[in-house]
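Each of the next two complexes has chain A plus one more chain, namely chain B in the first and chain C in the second.
Presenting the complex of A and B:
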C-alpha cells in the first residue's frame, strides 16, 4: 500500500458526445458533464461532493465505479491508475471499491430476495463456498442493523430504510476499502436519514472505510464530511475542510448555496433575508464563457465573462476558483 | 415480534418487518382460484390438452372413416355431426387438437427463445449490434407475419416441421421488439448499475437482473402468440399449405366447412369454436399470469 492518498483524481473529463443524423451520425457537440476536476481523498476520511442536479457529481462517482469510461484525465486508486483498466483487472478493483445508491426502491432487484442480493457479490467473485453464503449474508445484515429474518424477503416487503441497509450490506460484502455513496440518504425520510448516516459513520470507524459522499443536501454533508468540494457545471469551484468551508464560504456560488439552506427555526427563517440564485443552470453542452457561474453571480464583473478563473489557494487547506475570493476582496 | 434481540445500531428497523407470506407457488394457486376467468381458462385448456394427449383412446370413431351419413346434423350418435365426406366431426376435432396445440406451443417456444435472445442482445449492448439486429427486425416487421409464413412454407414445402419453423420465424420480431423495449428501460435501473459495480458479468446481468424483470410483458406476448400461432396454422391449412390433407387440423376443417356453411353449419362452426375456446382460454390464463407476476400489484392486493 502506498503512502499517498487513497484516491487521487486529476483533470478528470467526461464529455458525452451529442450526435445528429440517422444514417450518417456525426458529432455535433458534447455535454461536458465533468470538465477538468482534481481532488484527492485520504484514507479513512469522508469526502463530500456537492452541487445542483446536473453539475456532474454523479458522473464523477460513475467514473470512479467504472460504470463510465472517462474521456480524459486520471483516477489513481491506492497509487494505481484505474481510469482505463483492462477488463481483467476491473474485477479485482471492484472488490475494493463499492457503492451505495440513491434510491432504495430501484437499487435492489425486485425479483431477488435479500439473501440473493447480498449474496451475489460472494457468488460472482467466488469469495466463499456456496453453502457459506447464507451465513455470510446473515452476518452482513446484522452488521447493518437488520434481523436475519429479512433474509428471504423481497425488497418490496421492506421499508425504505431497511432497503437502504440491504444496499449497504451488499456494498460491504466484498470488504471494500472505498465506498461511493451517491445521494445515499436523499430519498429517505429525515428520521431514517439520521439512522442511515449514523450507520455509515459507525461502519466507517469499525471497518476503516473511506467515503466519497455525493449529495445535494448541505446539512447532511456538513455533518458527515471531513472535506468538501463544491461543483458547478462540471467543475469544482471550491474545495476545503468541511467545517471551515461551511463557516466561511469564499466562492460566490458556495455562499449562495449556503444561504439557500433554510434555517430550522421558523422565527429566524421568517425574517431571514437572502438572495436566491438567479436563473437556471446553463446547458453543459454550451457553458458560458469565462467563469461558468458569471451569468448568475451577484459579484460578476465584466472580466468574469472572458477569463476562466483557475483554482487558487485562498486560505488554509482551501482552494477556490474565483478572482473575488482573495484577501484583497474586501476592498473591491 | 418481540423475540428479536436489539442490535447495537438501532432497533427501529427491526420492528416493522412484516411477517413472511405464503410461498410463491401457493400464492399463485390462490390467485388463480380467485380469478374466475383464469379458472375457466385452466379448465378448458386442461380438457383440450388431455383430449389431445389421449386422442387415439377417446375419439368415438376413426377420424378418417368415411362410412357415416355425410353432412349429418349433430345427433346422439354424432354429437357434433359429420362432414361432407361422412367423417365424425367430434373425432376429427379431438384429433385436430393434437396438431393445433402442438404447433401453437412449439412455435412460441422456438420464437420466444430466438426473439428474446435477439431483443436482449440488441437492447443491452446497443451500438452496431442493435442496428444490425433491429434493421432486420424492422424488415421483417414490414411484412405481415402470416405472409412470411406462407412464403417460407411455399419455398421449403409443407409438413409439420416446416410449418412450425415458418411460423416461429414469422413471430420472432414480436418477441424481439418487446424484449428490446423492456431491456432499454430496465438497464437504466439502479439495480443494474449496482450489479455492474459488484462485478456481475454481462450474461448474468441479462439473465438474473433484466430477464426476470422483463418477464411480465413477455409472458403476455407469449400467450397472445400461442393463439396467433394456432390461428396461423389454421390459416396455412385453410390456404392448403398445412399438414398433409388427410390429417385433421382445425384450420383445414374450418376451410372445408366454409363451402357448406349454409347447408351444414356445424362443419365449419365447431372447429372454429374449438379454435376460439383455446385462444380465449390461453389469453385468460396469460392475463392472470401477468397480474401475478407484477410484484408491486400483488403487494397492493395482499
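Presenting the complex of A and C:
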C-alpha cells in the first residue's frame, strides 16, 4: 500500500458524444459532463461532491466505479491507475470499491430475498464457501442495524430506511476500503435520513472506510464531509476543508448555493435578506464561454466572458476558480 | 380575521386488500386570507391526501371521507356536487403539484394549457386569454413568453415547468393556492427562486397559500403558521416561531434535532428518531408516536392524546408536554 492519497483524480474528462442522423450517424457535438476535474481523497476521509443536477457529480462517481470509461485524465486508486483498467482486473478492483445508490427501491432486485441480495457478492467473487454465506449475511445485517429476521424478506416488505440499510450491507460484504455514496440519503424521510447518516459515520470509524459522498443537500454534506468540492457544469469551482468552506465561501457560485439553503429556524430566516440568483444552469452541450457561471454571476465583469478562470489558492487548504474572490480573500 | 379555509375533523380512509387505511384521522386547521400555512410531515403522514381532499381529488372508491367538514368561504365543499365543486376548483382554489412533468399534458402546447382554464372559468375570449397568459408567464419570470406559448412541456426545464404551473394556478385569480411539495424535485437555487416568487406573488395579490412539504427549512423561511402531521393526525400546530423555538410535541422536537443545520457547528450531533413510522393498517394502541418516543409513559399506551391549547394558538397532542419542556425523558 502506498503512502499517498487513497484516490487521486487528475484532469478527469468525460465527454459524451451527441450524434445526429438516422442512417449516416455522425457526431455533431459533445456533452462535457466532466471537463477537467482534479481532486484527491485521503484514507479515512469523507469527501463531498456537491452541485446542482447536471453538474457532473454523479458521472465522476460512475467513472470511479468503472461504470463509465472516462474520455481523458487519470484516476489512481491506492497508487494504481484505474481509469482504463483491463476488464480482467475490474473485478479485483471492485472488491475494494463499492457503491451505495440513491434509490433503495430500484437498486435492490425485487425478486431476491435480503439474504440473496447481501450474499450475492460472496458468490460473484467466490469470497467464501456457500454454506458460510447465511452467517456472513447475518453479521453484515446486524452491523447495519437490521434484525436477523429480515433475512428471508423481500425488498417490498421493508421500509425505505431498512432497504437503504440492506444496500449498505451489500456494499460492505466484501470489506471494501472505499464507498461511493451517490445521494445515499436523499430519498429518505428526515427522521430516517438522520439514522442512515449516523450509521454511515459509525461504519466509517469502525471499519476505517473512506467515502466519496455525492449529494445535493448541502446541510447533510456539511455535516458528514471533511472536505468538499463544489461543481458547476462539469468543473470544480471551489474545493476545501468543509467547515471553513461553508463558513466562508469564496466562489460566487458557492456563495449563491449556500445562501439558497433555508435554515430550519424562523428566527434565523427572519433576519436574513437574500436575493436568489437568477437564471438556470446552461446546457453542458453548449456552455457559455469564459467562466461558465458568468451569465448568472452577480460579480461578473466583462473579462469573465473571455477568460476561463483557473483554480487558484485562495486561503489555507482552499482553491477556487474565480479571479474576483476579492476582499474576503484578505480576511482568510 | 375571518377564515378562508377551515378544515374540521377531516377523516379520509382507503379500502385496501390488507385492510382499512385511515390516511387522515381527524385533522382540523384553518387558513386566513393572504396567509402562508405549512403542513409538514414525512411520507405516509397524510399531508398530501388531506390536501387532495380539500380539492375533491380523493378517488372514491377506494377512498372515502366518512366524517368532517371542509369550509371554504363558509361553504362546505364536501356537500357540493361535481358541477358546483368544479366552479370552485381551479377558479377559486388552485393547486400546484410536486412533479411538473406529470401534471402538464405532454401533447398540448403550454399556450393551450394556460388559456383553456381561463376560457372555461372566466369566459375569456381566445385573444384575451392569450394576452393574459403571456402576461402571467412574464410575471413568473419566463423569458420570451410568446414563443414559449407555442412550445410543448418537454422543451422546458424543471424550474420553467414549475413556473408555468404557478402561472396556471394564478391565471383564474384564485383566493387560495395549495402547493404540494412544489419545489422538492428542483435544485436549491431554483427552489429559492420559485418559493420567493410564490411568496411575493401571494403577498402582492393577497392569495392564501398552503404549502405541503417535508422540508423544515422551507417551512421556516416562508410559513406563518405550521401544522405538523404524524400518522394521519396533526400532532402540533402553532405559529412558526413558537413551533421551532419551543416544540411541544416529542415528534416535532425529534424532527428538529434530526436535521443537520447550516448555522450550527459541524460537531453538533444530529439525533435521529429511532424506529420507523407505524403501519397505518396496524396502528399501535394509544398515541401513534409512542413506540418511538422517549417521553412515553403508561398513559400513552391507553389513549391517544387530544390536541390541547398550550398558549395563544400553540396546540400539541401529547400527554407529556411538561416532561418535554423540562427535557426529562420517562
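To be clear about the criterion, the second predicted complex is superposed on the first by the 322 of 332 C-alpha atoms of A that agree within 3 Å, B and C clash if a C-alpha of one lies under 4 Å from a C-alpha of the other, contacts with A are read in each partner's own complex, and residues count from 1 in each chain.
Heads up, the rule we're going with is that a residue touches a chain if its C-beta (ideal position, glycine included) is under 8 Å from a C-beta of that chain, and two chains touch if they have at least 3 such contacts.
What you are looking at is a predicted structure, and each value in this text was computed from that prediction instead of being measured.
Asker: Counting only touches as set out at the top, which of chain B and chain C does A:301 meet: first, second, both, neither?
Answerer: Touch status of A:301: no partner.
Asker: Per the contact definition in the header, classify A:65: touching chain B only (first), chain C only (second), both, or neither.
Answerer: Once the two structures are laid over each other on A, A:65 reaches chain B alone.
Asker: Kindly classify A:207 by the partners it touches after superposition: chain B alone (first), chain C alone (second), both, or neither?
Answerer: It touches nothing on chain B or chain C.
Asker: I'd like to know which partner A:99 touches here: chain B for first, chain C for second, both or neither.
Answerer: Once the two structures are laid over each other on A, A:99 reaches chain B alone.
Asker: In the superposed arrangement, which partner chain does A:111 touch: chain B (first), chain C (second), both, or neither?
Answerer: First partner only.
Asker: Between chain B (first) and chain C (second), which, if any, makes contact with A:159: first, second, both or neither?
Answerer: Both: A:159 reaches chain B and chain C.
Asker: Is A:20 contacted by the first partner chain B, the second partner chain C, both or neither?
Answerer: It touches nothing on chain B or chain C.
Asker: Classify the contacts of A:195 with the two partner chains as first (chain B alone), second (chain C alone), both, or neither.
Answerer: both
Asker: Residues of chain A that sit at the chain B interface in one complex and at the chain C interface in the other, please.
Answerer: 159, 161-162, 195, 198
Asker: Name, in rising order, each residue of chain C that touches chain A in their complex.
Answerer: Residues in contact with chain A: 42-43, 157, 159-160, 187-193, 196, 214-221, 223, 240-241, 244-245, 254-256, 258-263, 266, 270-274, 276-277.
Asker: Going by the contact rule at the top, pick out the chain A residues touching chain B in the complex.
Answerer: So the residues of chain A touching chain B come out as 62, 65-67, 90-91, 94-95, 98-99, 101-103, 106-112, 120-121, 124-125, 142, 144-147, 149-150, 152-154, 156-159, 161-162, 165, 167, 170, 173-174, 195, 198-199, 202.
Asker: Quick one: which bits of chain B touch chain A in the complex? Just the residue numbers, please.
Answerer: 4, 7-10, 12-14, 16-18, 20-21, 189-191, 193-201, 204, 208-209, 212-213, 295-296, 299
Asker: Which chain A residues qualify as touching chain C in the complex?
Answerer: 52-53, 159-162, 189-195, 197-198, 216, 218-220, 222-224, 242-243, 246, 256-269, 274, 276-278, 280-281
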